[in-house]
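Note that chain A is present in both complexes that follow, paired respectively with chain B and with chain C.
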Partner chain A sequence: MKKKNIIQNGLLTKLLRSLSLYGLALLIAFGLISVIIALLGFSVPDALKTLITTSFKSAFGFQETIKKTIPLIFTTYAFTIPFMIKFFNIGAWGQMLFGGTAVAAVGLLIGNFGLPSFIMIPLLVVVGILAGALWGWFAGFLKAKYDINPIISTIMLNFVAVLFVNFIATSPTFKDPLEGHPITRPLPSSAILGFFHKIPYSIIFAILAIIFVYILLKKTKLGYEITSVGYNLHAAQTYGINFQRTIMLTFLLGGALAGLGGALEVMNIHGKLIEGFAKTSGAQYGVFGILTSLVVAGSPTGVPVAAFFMAVLLVGADALQRTMQIPVEMVFLSQALIVLLIVIIRKKFEPNGGK
Partner chain B sequence: MTAITSFISQTMVYATVYTLTSLGIIIGGRTGIFNVSAEGILLASASGGFLTAYLTGSWLVGFIAGALIGMAFGFILAFVHETFKVNQFILGIILVIFGSGLSDLLYKIIVGVRLSAPQAPHVPAVTIPFLSKIPIISGILNQDVIIYFMYFAVIISYWFYYKTKVGLETRAIGENPKAADVVGVNVKRRRYLATIIGSALIGVAGAYLPIAITGTYSPDISAGRGFMAIGIAIFASWKPQRAILGGFLFAGIEVIAFQLKLISANIPYQFFLMLPFISVLIIMMIFKKQIEFPASVGKPYSRE
Partner chain C sequence: MENKNLVELKNIRKVFGKVIALDNVTFTAAKGEIHGLLGENGAGKSTLMNILYGLYSPNKGEIYIDGKKVRIDSPFDSIKIGIGMVHQISTLVPEFNAVENIILGTPKDKFKLPIKEERRKVKKIMEELGLTFPLDVKTKELPAGVKQKIEIIRALHKGAKLLILDEPTTSLVESEFRQLLKSLRALVKKGVTVIFITHKIKEIMESCDSVTVLRRGKVQDTIDKEQMTKEKLVKLMFMEKDIKVTESALPKVELPAIKRSKKPVCIVKNIEVKGKEKSKGLKNISFEVYGGEIFGVASVSGNGEKELASAMINPSLLSNGDILVNGESIKHLSTLSVFNKGVAYTPEDRIKEGILNDGSIKENVLLGHHTEKRFLEKNLFINWNEATKAARKTIKDYNVATPSEELAIRRLSGGNIQKVIMGRAFVSPTDLLITHNPTSGLDVLTVEFIFNKLVETRNNGGAVLCINEDLDELMIISDRIAVLHNGELKGIFQRSEFNKYKIGLLMIGG
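Showing the complex of A and B:
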């Protein structure tokens, strides 16, 4: 009797149910992907095996997966936090680019001062966070004060950021004269984060970000405000929560995290600003962040796991292109398909889960 | 003189893309479906429309393919939203992602990597005897068929929404679906129809980009115009007759920005290229007070 009660009402049921929902969505999605792969004339078992196992077969595969998981965690949070109050931050890409570009510009400008690492690295990390936060906040501000839909404003700011990257990376002050592509000179070594067994140190910041977001949302007043606005805006306003302020703060936080992600890509992975640095496997990290967030229905606690799952697929996608010449867009499309199915299935079976 | 003529004809070409796209968004929005996926439709139909035109050698078949791809997207949007009540914005964004993946995939599979880009068949221009010889007027009149199609679409939709009973009913759905339902309008069917027709127009705009403007497909060819068109639809308060104004305004800004980029030596050209994107935001800030929304846009409707 007791056992039955636990199964009926407890956490276990919830877990089992959401696991079976994900299972169903993945099953349908992989079924459709298999059909498409077969139609294109590729071997389905080989393709699926490559897609899923590449990350775990070699140390290189695993390191690549971690390298993609880290920026993905940041852009996923950048989408997730404003999404908690039902706003869409499509601008994680721009915020990431702006953060990374600011870091590269400041790093190169003060590079000759010979500042030691323990000053340089925290300073640049703060620059990246602030630049991203500014870019995110601006979209929140336009919503709060001028009622401009963030879907539009964040996209417009993305394009401005792309052009800003191009401006910095081609300007005579920063450009590497030996490079044909828009790339800046390398940052001074004091600004570079290293690797531990080929795992980038930026993983530390990703873990800190996970803890930060958890504490922020579960333990602080602001987190409580965000949750209650998301749950019931009208009630939250009645209790005196300033909605305008909450909008701006969620976008500021999202932007700050994306900006940090961009800063770490520049300081750890590339060591300089490269045009198009925030892209992977045929699309930019902002888009993958949106998909990742939707996989877990915008639940912040699920983000790291979902980001890892998506990174596994991305590494698999690269391998498919390398070994079987299946275009990376194939996997990108499949991810969109998986997310669409998850959203539909969740809406169908968990009336409150789909938002 | 040639500079002015070329400015006018370039503006009109881009205005066609902006106007058709925002008109497509408006048609969906008038029944309450906010079509955020315009960018994805533009990309998918640019690729699909171009490839069809290239393979068949017929510009017309290319545009029809573009429209059909648009209709498929519109159907998915309407179907998933109406059947499962999935949030329109989430759905739209997934479709944008879907369209951008699909466009490059189609091109890679069918054309692959080539040294010289394949060229689309030429779209015939409408030439009016005598008038087409006068400098500036020829810039306005001497245009391809699709530009005239765009004018036609704007006029027809204006007439439909403001001069016909069915149009009035359709506007009522956007304002209050329940009331429209009570008086016997089939809300669901109208929403399907509007989203599919609107998306077909966006598909034509998408096919127009490679077939008529650039002559070939390149990745990310729409360059955010699908999202700027959402801005135009909002700026136009969801009215077709204002969408064409917005279309010309943004096209003008885009062409001017490009011209300035070529002329100016002192200011880095990237800042000129930012102009269209920044002006979307500035214009929406300025016209904040004048903007009206159909009350039900973006919201699901079910009978109970």
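Showing the complex of A and C:
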């Protein structure tokens, strides 16, 4: 009994310590941001208020934040899971696009069959997961079989996925003839996920994904094997864990989650495949997924909170630009400062770089 | 007046968190001597020397060199004063050759690398000490003994008059140790002082002019060569416990006469393994291990022992031959399936291959067992309750010093880590234990504990295959010893035929 108390106290101090470090990093970051805003000639209190409180001031702000949190959770996991065994999946972007595009294409092809929602939606979700999984697995396969660095293969696969978006969005089979831009026809209504008080239903899938990842990593054999390889590859191999298989599975899982994120964007937010999906949301969530993961040092349990925090910043930054005409570069600058400072402070003060 | 002490550390105190690592330690080493620093793991030897070298700063205390009080804040300061340290783990740049490594950080000219001049200087130092090693080979391709020589020369090249060696013999075989000793003697003659950190009494007796014994952060005594006896040193090191030691200062264990099993537990039939890099692999090896015996394999590092250990648990490495466990061939099995046949393994390099460093003791105990029925529900979920039970049992049975099974294993001492690895081997019923250098780098008490566990396994009818480069140890615990040299078996000896000279000669190919 007594022993347990000591351990719990240890955890509590660790948590407090970690929170205070994040607090310190944010304090310094916001300090620097204030200086830059002041130098640019804007009102510092107004700007900071906008950046931090937009998400919580109005129902609209909060809804926007949730809308951004959901895809970020998926792309952050897509980076985090392979990162647990020290591999960089730069391909969440492409995996997300590939999932979304596959869903749009399949959804339009079977759209005329008149399938009801309760078949159509699960079917398309599975299509998105499989497409993303395939895209992720391929990078893992290249590493396992031919020792090709996943950084290279995932970046290349991103480009292929972008072209695939263009291909589907411009192909006569799918393109909306009424639109000037490359955009597909809208998906049939049976394939569309709706909103509940303007909160997208895709949030249910995000929550399921959080539970799934938690159980997978903490409770299953595969999760134990991934964790073991992450701790020490040599020991895990010596004691019989198949490294090649583990690489492929982590990329497959990461890809599957990113693919699901892409599918949900198409089915819930856009309702069709827009060429711009590749550049705006896809690229944004792909890159910010990596940053979000690094902010929590690749710890899977921290992902949902970090993704929400990042979404708050993204929404606040949009508002800065819209309401105060602060240039968009300033927005990127503040995000970069925050991420950098969190990483620096953690490296500096936490033993083992926050692990 | 000339000061006869080169180094004086006065009243050094060092605290890590709540642990007092060094408590009011006073230490002196005279000019031109080899001064031993003896103590079991965690006694504070390395901490004390790391303070002298500037890696740690003490909470209290003073350092005098040549009678002058000095302040050492970093290795930069200590190198300037003439202190050199060779650490337990190689700090050479693997991609550089010997000369490049030795001159690293010394040239004053920012733009020119005077490699020819430096090379000449390095050669001169080597000649003076009677050391030879290749200067143009990348150090990653050299054996541990040679790397250590390079590190010593590097310290001298930087002008060291005091050389600290932290556990220098961990990766050396007997002949290399002899050679090291000769070089150190040559150094001392030139007036260099050597501090020799070790936990092996035998090495102190053979090499040191005087010795300081540390126990739990306190100095027990400093004694000169004339007064050194094995019994005295053991007493100083352990105080409260009387342990019996052999001639080579290793713990004594009894091997009661028992009947070994009629059928062998393990049959190794004409196996061949292709060697990696410089190793020649294994050629046509055959032997049998019976239940109720400890079968030792003596081998100088690099003669195929690594391949033998790996092939036993990963038969896919076999290019020829077969291995049978309890009469069944394991040739086509994966490592996990081999474990499930009742084979257990403890690897040679406990940190690199033995443990999940950041993982908890619980996660570590589970490693390799995680596909067994007991720990796996519905073929999918890990049964963490069972894992906790197994970890707690290991901690209890193996006296692992830890507050809880949740502690990260890297926070344990080397001895406790080895106990966890050994405990893991017995989490499930084990018919055949394959253990590779199970005691390297451990203090006498832990060695005694490990020996007893191996003998206990044997007495209970288990088969133990112990691959070891330390012949002294094998002669204590083995029923039979096979000698492996150049990938071939050079004979198998019964306990009654054990002869250190004869077996040792075979080990080096004589």
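By our rule, the second predicted complex is superposed on the first by the 335 of 355 C-alpha atoms of A that agree within 3 Å, B and C clash if a C-alpha of one lies under 4 Å from a C-alpha of the other, contacts with A are read in each partner's own complex, and residues count from 1 in each chain.
Simple rule for what comes next: a residue touches a chain if its C-beta (ideal position, glycine included) is under 8 Å from a C-beta of that chain, and two chains touch if they have at least 3 such contacts.
The shown structure was predicted, so the numbers you read here are calculated from the model rather than taken from an experiment.
Peer 1: Just from the overlay, do chain B and chain C fit on chain A, or is there a clash?
Peer 2: clash
Peer 1: More residues of chain A in touch with chain C or with chain B?
Peer 2: Between chain B and chain C, B touches the greater number of residues in chain A.
Peer 1: For A:Ser171, using the defined touch cut-off, is the partner it touches chain B, chain C, both, or neither? Pick first, second, both or neither.
Peer 2: first
Peer 1: Could you say whether A:Met310 touches chain B, chain C, both of them, or neither, answering first, second, both or neither?
Peer 2: Neither chain B nor chain C is touched by A:Met310.
Peer 1: Considering only the touch criterion stated at the top, classify A:Leu163 as touching first (chain B), second (chain C), both, or neither.
Peer 2: The first partner, chain B, only.
Peer 1: Is A:Glu329 contacted by the first partner chain B, the second partner chain C, both or neither?
Peer 2: first
Peer 1: Show which residues of chain A both chain B and chain C reach, each in its own complex.
Peer 2: The overlap between the chain B and chain C interfaces on chain A comprises residues 355.
Peer 1: Looking at the complex, which residues from chain A come into contact with chain B?
Peer 2: On the chain A side, the touching residues are 40, 88, 90, 142, 146-149, 151-153, 155-160, 163-164, 166-167, 171, 282-283, 287, 290-291, 294, 327, 329-330, 332-333, 336-337, 339-340, 343-344, 347-348, 354-355.
Peer 1: What part of chain A is in contact with chain C in the complex they form?
Peer 2: 3, 6-7, 219-221, 223-225, 227-228, 231-232, 234-236, 238-240, 242, 352, 355
Peer 1: Which of the residues in chain C end up touching chain A in this complex?
Peer 2: Chain C residues touching chain A: 313-314, 334-336, 338-339, 345, 347, 352-359, 363, 366-368, 370-371, 376, 379-382, 384, 403-404, 406.
Peer 1: Across the complex, what residues on chain B touch chain A?
Peer 2: 36, 80, 84-87, 89-91, 93-94, 97-98, 100-102, 104-105, 108-109, 223-224, 227-228, 230-231, 234, 268, 270-271, 273-274, 277-278, 280-281, 284-285, 288
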